[in-house]
Structures are given as C-alpha cells and as structure tokens.
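Chains here go by letter, A, B, C and D, matching the order in which they are written, and residues are numbered from 1 within each.
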Amino acid sequence: MTHPRSEDPADTPWRRRLHTIVFEADTPAGRAFDMALLALIVLSLLVVSLETIPSLSEPTRLWLRVLEWVLTVIFTAEYVLRLMVVRRALVYAGSFYGVVDLLAILPTWVSLVFPGAQALLAIRVLRLLRIFRVFKLARYLSEARLIGDALRASSRKIAVFMFTVSTIVVVVGALMYLIEGPSNGFTSIPVSMYWAVVTLTTVGYGDISPKTGLGQAVASLVMILGYGIIAVPTGIVTAEFANAGRKLEDHHINTQVCAHCGADDHRSDSHFCRHCGTALH
Amino acid sequence: MTHPRSEDPADTPWRRRLHTIVFEADTPAGRAFDMALLALIVLSLLVVSLETIPSLSEPTRLWLRVLEWVLTVIFTAEYVLRLMVVRRALVYAGSFYGVVDLLAILPTWVSLVFPGAQALLAIRVLRLLRIFRVFKLARYLSEARLIGDALRASSRKIAVFMFTVSTIVVVVGALMYLIEGPSNGFTSIPVSMYWAVVTLTTVGYGDISPKTGLGQAVASLVMILGYGIIAVPTGIVTAEFANAGRKLEDHHINTQVCAHCGADDHRSDSHFCRHCGTALH
Amino acid sequence: MTHPRSEDPADTPWRRRLHTIVFEADTPAGRAFDMALLALIVLSLLVVSLETIPSLSEPTRLWLRVLEWVLTVIFTAEYVLRLMVVRRALVYAGSFYGVVDLLAILPTWVSLVFPGAQALLAIRVLRLLRIFRVFKLARYLSEARLIGDALRASSRKIAVFMFTVSTIVVVVGALMYLIEGPSNGFTSIPVSMYWAVVTLTTVGYGDISPKTGLGQAVASLVMILGYGIIAVPTGIVTAEFANAGRKLEDHHINTQVCAHCGADDHRSDSHFCRHCGTALH
Amino acid sequence: MTHPRSEDPADTPWRRRLHTIVFEADTPAGRAFDMALLALIVLSLLVVSLETIPSLSEPTRLWLRVLEWVLTVIFTAEYVLRLMVVRRALVYAGSFYGVVDLLAILPTWVSLVFPGAQALLAIRVLRLLRIFRVFKLARYLSEARLIGDALRASSRKIAVFMFTVSTIVVVVGALMYLIEGPSNGFTSIPVSMYWAVVTLTTVGYGDISPKTGLGQAVASLVMILGYGIIAVPTGIVTAEFANAGRKLEDHHINTQVCAHCGADDHRSDSHFCRHCGTALH
C-alpha cells in the first residue's frame, strides 16, 4: 500500500514534528503547547474584558494595554507558524480554526487605525474550542453532535414556530401601538414590536409597560399566550432528543489533524484522512 | 373519464393561463409573479413600521407615504385581478387568502377617512404565508399541521389548565389587593390581577411589585407556583408531540390551487380537487 | 330490585323535582337554572372587581354596590334552597360545593361589620366550577383528573426538588446580603431571599438588583442555575404525563348528583350512588 | 458467624444506647431527640433571618441575640456529644453531616471576633436534611437519587450546552458594549455580559436595557435565541428522566447509622455496614 501524498518533498521531518506539536495534542510536547496556548487565550479574554471597566486607574490600564500587545504578538507569531507548518496553507487559512485564529489577532492591529475595534477581541473566546482537543474530550464532541442533530432534525418545525412567533410579534406590536400610543412609551411600531418580543419571551425588562386598562388586558393575554407557546419548542426538541438518544452510536474520535489538509475529527480506527486520503500517524 | 366542470364556457385559455400565473407557483411565470409579490409585501411591511418612528425627517415621511400608496394601488389591482381570474369569485373572496388579501389593502383606503387606521396595515404580514407556496415548502406545511394536531389533541387538557390558572389569577389578585393596597401600586383588583399574570408567567416587568413583607412572602409563593406550573403545559404538549411524531405520515403536497373553488394543499398524487372535484392540471 | 332509601318519607315528589332542577343539569329546567346561575356568578365577579377601580364616578359606584347586594341576596336564597332540597343538609354544607357556596355570600354580609371584607368575594370564581356540570363537560373532568394524577405521581420528586430550591434560596439570600448589603437594596436576609426567589424563577422585577461587580457575578451564576433547574420539574412532569397518557382509561361520567348525600362524578353506567348506595334516576 | 468489630472494648452499653438515640430515629427516644433537634434548627434559622431586619426595636434585637447564643450553645453541646458517642470521631467529623454540624455552630463563635460572620448561619438550613431520617422518608432519598442520576447521566450534554451559552454571553456582551456604549448603561464588557445573562435566562431585571434602535433589534434576537435554547436543557433532562424512570428499582433504605464509621443509607435487608462491615442491630 503506497501513500503517494506523504512522499511530498516539502514534508521534511522537522516540519512533520512541528505539525504534531502545533496542531495535535496526542504527544507530551503537543499537549504542553496547547495547554500554554489555552492559558494565554483565557488571559487575553480577561485582559480585553477588564480593559473596558471605566473605574480603572491609569497605571492598571497601561499594564493591561501592554499585556494585550504582548499577547497579540504571540498569537500573530503562532498564526504565522501554523501557516508555515501545515502543508496547504490556504486550506488551513480558510478552515474554521484558521479564520478564528486570524480574527483573534486582527482587531488589535486594526485598533492602531480605528481605536474602537479592540472590543471585537472578545471573539477570541472561540479559540477556547481548542480545549476540546487538548483534554481529549472527544466524547464531548459527540455529545455536541447529538445536540446539533436533534436541533437539525427539528429545524423545520422550529422554522414554522419562529414564523408564527414573528407574525404574533408584528400583529401585537401594531395593536399595542394603537392602544397605548407614543405617550405611554410605545413610541413607534418597531419599538412596540421590541416590547412584544420582551413580553412573549417572558424577559420583561419593564422599560416599556402598558399603562391603560385595555393595554394591560391585551398584555395579559399576550403573556399567557407566550407562557403557552414556550411549551411548543420544548416539546419539539424533547421529542427529538428522545429519538436521537436511541439512535446515537458512540463515535470514537481522536485529536489528530491531517498534515495535508487540516481536517480533524478522525475516528480512532481511521488510518487515512477522511477528507483528502493522506495517511495519519 | 369526463370532467364536466372543466368544460365551463367561461374557462377561456387566457384565463386559465392567468390563473396559473397568479395562483400557482409551479411554472416559471407563476414563480416570478409570486416572488415579485413577496418582495412588495416585505417592502410594504417595512414602510408601514418605519412610518411610525417619530424622529423621521419630513421628506422621508413624505417618501414613505407615497410608497405606501403606490403599494396599496398595486395590491388593489392584484386583488381585482384575482377576483376576475378565479372562476368562483365569491369562494375566493371568502377563503382565508381572499380575506387576508382584502384586509391588506383596506386600511390605507379607510385611512382617507380615519387617519389612525394605517397601523392595521401590519396584518399584511399574513400575506407572507404565500412564501410557503412559492418556495415549494410543502413539507413545512405538513410540519405546521403536525404542530397544530399536537395542540388540538391536548386542547382539552390545556383548557383545564387555563381555567386553573385563571382561578389562581383572580384569587391571588384579590388577595394581593387586600395585602398591599392602592398605596403600593395595587390600585384595584383588575390591576392586581394584571400583576398576578405578569408574575405567574415569569415576565416580571417590575412596574408593580410588592413592598410589604407579607406581600413579598405571598409573591414568592406565587412565583414558585408559577415556576412549577410552567411544567404542566410543557409536559402536556411534549407527550402529545411524542405521540404525533409516531403517527405522522409524510404528506406530499404541491402548490396547485383549484381553478374552480380556490382550494389548495392538494397531494401530489391527486388528479381532482379534494373540495369540488374539478380536474387539476 | 328494591332501593329502600328512596322510600324515605321526606322524599316528596316536589322535593325530588326541585333537586333535579337545582343540583343537576340533565333536564331542560335544570340546565336553564344552572345557565342563569352561571351568568349571575360571572356578573358578580365583574361587579366585585370593577368596584375596586378608584377612578369610578360616584353614581357608577352606587349602582355597583346595589347590584352586589341584589346578587348576594339571590345567592343567599339559592343557598337556603339547596339546604332545604337536599336530603342530608349537613353533608351538602360540608361538601366542596357547599363550602364554596357559603364562602361566596359570606363576605358581603360580613362587610356590614368589616368594610374591607368585600374583596374576598373574588372566591366566587370557584363557583364557576359548576360550568363543567352545565356544559356536560364530563370529559374535561377526566382530563383534570389526568393532570392531577400526573402531579400526584411525581409529588415526591417535586418535594425533593422544592426542598433543594428552598435550600438554594436561603443560602443565596444570606450570601447576597453579605455581598451587596442594605445600601444596595438587600435590606435584610428575608428581603434577600425574596430577591433570590424573584431571580431563580426568572421573574426578575428589578425592584432589587445587584449593583457591585461581585454581586452581579454571583447573580449571573444564580440565574444560569435557575435556568438549568427549570428543566427538572418539567422533566419530572413530562415523564409522568407520558406514563399517565398510556394508562388513562376514558372515564364516562355524567352530571347527576345523589339526592341523598350530594356525591357527584357518577359514571354513566352507574345505577346507584357510589358513596351511599341510593338509587340514581 | 462472628462480628469481631462489635466486640470492641470501647463499645460500652451506654455508649451504644446513646448512639441509637443521637444518630438514629428508629426508637421512640431517638425519634424524640431528632424531632426536638429539628424544631431547634428551624427556630435558629428564623432567628438568624429576623435578626437582619433593620426596623426591629432594640429589645426584640436583644432577645433574638440571646436566643441565638442559647441555640449555639445547645448545638455545640450536641456536636461534642456526637463526637464522643460515635466510635470513630474523625470519620464522623469528616462526613457530610459532620461538616454541616460544625459549620452550623462555627459562625456564631467566629462572630465574637468578626461581627459580620453571623449571616453565614444560614447554612444551618443544611441540617434540615436530617428531616429525611426522622420521618423515615427513605423513599424521598431514593427520589433524590433518581434526580441526581438523571442530571449526572446528562452532565456531558449539559457541559457542552453551558459552554455554548458562555460563548454566546461573551460575544453578545462585547457586541452590545460596542452598540450601546457606556452612556446607555453598558459601562463595560463584564457589565454587558451580566446583561446578556439576565436577558438569555429571561430574568430581565430592567436595570440595564438597550436604548438605541440597533441595540433593541439585537436584544430581540438574543431573547428569541434564549427562548429557543431554554428548550435544550429541558429536552436533555426530560429524555434522561424517561430513561431513569424505567431503570429505577425501588431501593428500600432505613435510617440506621453505623456505630463504627457513621455510614448511613443502609438497605433494609442489610445486616452489616456497607462501608466498614460492622454488624448493624
């Protein structure tokens, strides 16, 4: 059995070794790399969030800014390393993790030009998805897949349900605008529809609330309606879960990433990449 | 096999052709007609909602008003066309879509006399139900039917539940009126019942909230009760869904509409209207 | 076949006839009597609620007061009639409907001495339970029984759940009192526990809300906890419903009431009272 | 059959008798002891909570303080008694009930040094768990175990769900901070994340709410999302309950506690401690 692609001349030993460390978590070195990376990601999230607190002292703020730049430089170096190590750089750059890795460093660089862009750094949280790979939480991934399957199977029912809810929101919004009017906080139909969503979902901020007797009566009906229809998506998803639970076969997935195309989620008994056919070690 | 009704002398070729374009979405022309119509409906909904925003500049407002009249004239022309094309105009006028089509244009005309009537234009959203026909989303309709069936099957249980909730609302409303009194915002028993609904459904605006110790204790019990009984409708509907899911046969429905009586939801293997027996093409 | 009890000397024909009219709804006269009674009950509920609205004009208020007294006199007459017509007055007086009928008239009479007692008239709503008898909604009663059975079967699980929730409320209440303190609205542990209930049940009035960073962090955890445990009672009741639904035998119950002891809910195929053995007509 | 451990020289008759009274509830004396203890625990909880109400008169406050110290001395005596009576004091001290018993008395003693510590007395509520032993509510314990099993079985799915919710909270928090900004109450990303939790869980205090049109639109989407994902944990737990309900074997558990190691939850047909092998009476 020959695996022509692994004979690629660019596939030098040090590159394969770096690939194992940077992209996988099955070796001690690879795991240490990913653990350090995760710690830095959590640290960077903390820095980004804390930086927005207005009551910070000026020195604290400076320290946080310095930390953020240090972390961004590290993440940029890591991104460049990944591009160099993987055999098909463009495939990685276009993959989910590749895009996330780029988005995680872009805002700080952009903030040199547009100051507000830093808040977007919160998307770094998506990088935490790597945690699943590190802790070999492959089982969790199959659970996530189970939830996803259940939601997908009931997506058509949910679409019909969402359409019904949207219709109720528009009709109730227009009705309450007529009943309460701008003087009671229902300043326009869009605002009135926002109130309808706040009420139907039982969030109930109270920033806008009916003042007239008729408005309160209609609002009561809307609330009871909302209370009743909360049962519908629950019923749909529960029935689907009961089905999915029966069908689930325990997928055994490991943390290897193909050195050729960057595909992951390989089953433990796979010998070749399920995507491009390259041999897995 | 003879289909006497399709020999109707009024059933001229151009009328049949117009019927196919206006009422159905199985031909390219019919689909184009419906897509354009849908775009206009969405546009009109946007116009109606935006018009109520108070901070609009006078020129913007004028533009929106003009747009609304243009759209209303188009929808009126479409309604008249439908009445002429269908063989039994009265059956169409009395059908669900017929009533909706009329209600969608009426408010603008009425607003010439009563200015406030425009807000009712929001019922135009119901016209969006045509979207199901256009995208051949016949499957979605059978999902809607499944949800409807589950709700209908559990309607008696839901009625008993609603009656129980109503009783709790009246009793708690009267009780809190006695405990808190008008000085704490519970100005009358109807207002107190409105508070009870807001609390039981876990909406909780906070426009009225108990101030006395006893009132807060009773409110806590009501909340826990509301928290508990939210489980009842969910349980009812879920059990029904699990049943309905098992019974569901996949209905195959197409987008044809009977040229004689306007009935739709025909199964793909139907050759005659399930309502009046006219042959379908 | 002899029915010794129906030979009771006090069981004169006019009394039996009145019993059929007053207590049952199977004859035209009995149904007319109950329909009129229901209309009066709904009217009296409306009167009692409207009377508490502060913005009423003095003449309206007087009219409502007069109406209330007229209705109370009618209900009192009806109560006395029932006591005379039924063979065992004390058994009726002690039954559920007997107690409700008495409670429905007592507050107005008591209000001659204590003015505030009128608000208690709202318990008249319980009299509406007669509606089930009038409309022969015997099926609904078996649905109510199904819901009751499901709740009873899961009562032990619900008790454990309630105990857990109470413990969380006390612990979180004490904790937030320590964190936020009286200056942020958490004036005492009982008030803090009230806040915990408002938060855990996702009602969220907003009359008390955490102001400090630590308080908001703890509150966030409590909310997510509350969001998670809302699933527990739902799961319990749903599982029970699924079971109960399978077991349900369709009970066929009619609206007769025993002339001897006042027991109701007789099955259609019963010839004797299930409680005292008196023959049913 | 010999039980060497019960020949322990330290196991004198009075000690065995005291053990039966203090630790078990199967004899009249043991039950009386536990009932008195429970009454004192409830009393102490009431005292601790009431003490924090600011509007108390000085004499009432003094009375409550005295009562608290009396109760603490009693509970301390009880704790020492338990330590002396049980054969392995350290095993008891390290067990769940042992730790709770200690935590219940510690805060009052600590409050001699740090005044605020008293509020922690609310953890005395955990001592109420003894109620299950007293009322022989062994069945309830098996129900609690059922709920626990169902939650444990779905813990991986719940972890994935929680991770998804956390990600949404961070992303939405950062987004709303950018849209609304500090001038509309979204003073920092952590505060914005607190708002996201309040909204996603449908609590909705209203202390922070979107003011701009774009903010209200995004908030509406978040609410509908929250409304939808409330279905997921419910579905997970319900499906698990349906499974667990089928598997449940009715455990028959009595209230004996091992005199040697303090283990409880022994099945009725056990003759030896399931933990250390000591014979049970």
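Observations, loosely collected:
Please note the rule applied: a contact is a pair of C-beta atoms (placed from the backbone, for glycine too) under 8 Å apart; a residue touches a chain by one contact, two chains touch by 3 or more.
Every value quoted in this text rests on a predicted model; they were computed, and no experiment measured them.
Taking the definition of touch as given, a chain qualifies here only if it contacts chain B and chain C alike; those chains are A, D.
By count of C-beta pairs in contact, A-D exceeds the other of the chain pairs B-D and A-D.
Of all residue numbers used at the contact between chain C and chain D, under half are used by both chains, marking a mostly different-residue interface. To fit its Cα atoms onto chain B, chain A must turn through 90 degrees, a value rounded to the nearest 5. Computed from the mean C-alpha positions, the centre of chain A lies at a distance of 34 Å from the centre of chain D. Centre to centre, using the average C-alpha position, chain B and chain D are separated by 47 Å.
For chain D, residues touching at least two other chains, in rising order: 190, 193, 202-206, 230, 234, 236, 238, 242. For chain B in complex with chain A, the residues that touch the partner chain are 45, 48-50, 52-54, 116, 119-123, 125-126, 128, 139-140, 143-144, 146-147, 150-151, 158, 162, 165, 190-191, 193-194, 197-198, 200-207, 230, 233-234, 236-238, 240-242, 245. Interface of chain B with chain D (complex): residues 202-206, 234, 238.
Only residues 156-157, 159-161, 166-167, 170-171, 173-175, 177-178, 182, 187-190, 192-193, 199, 202-206, 209, 213, 216-217, 219-220, 223-224, 226-228, 230-232, 234-236, 238-239, 242-243 of chain D touch chain A when the two sit together in their complex.
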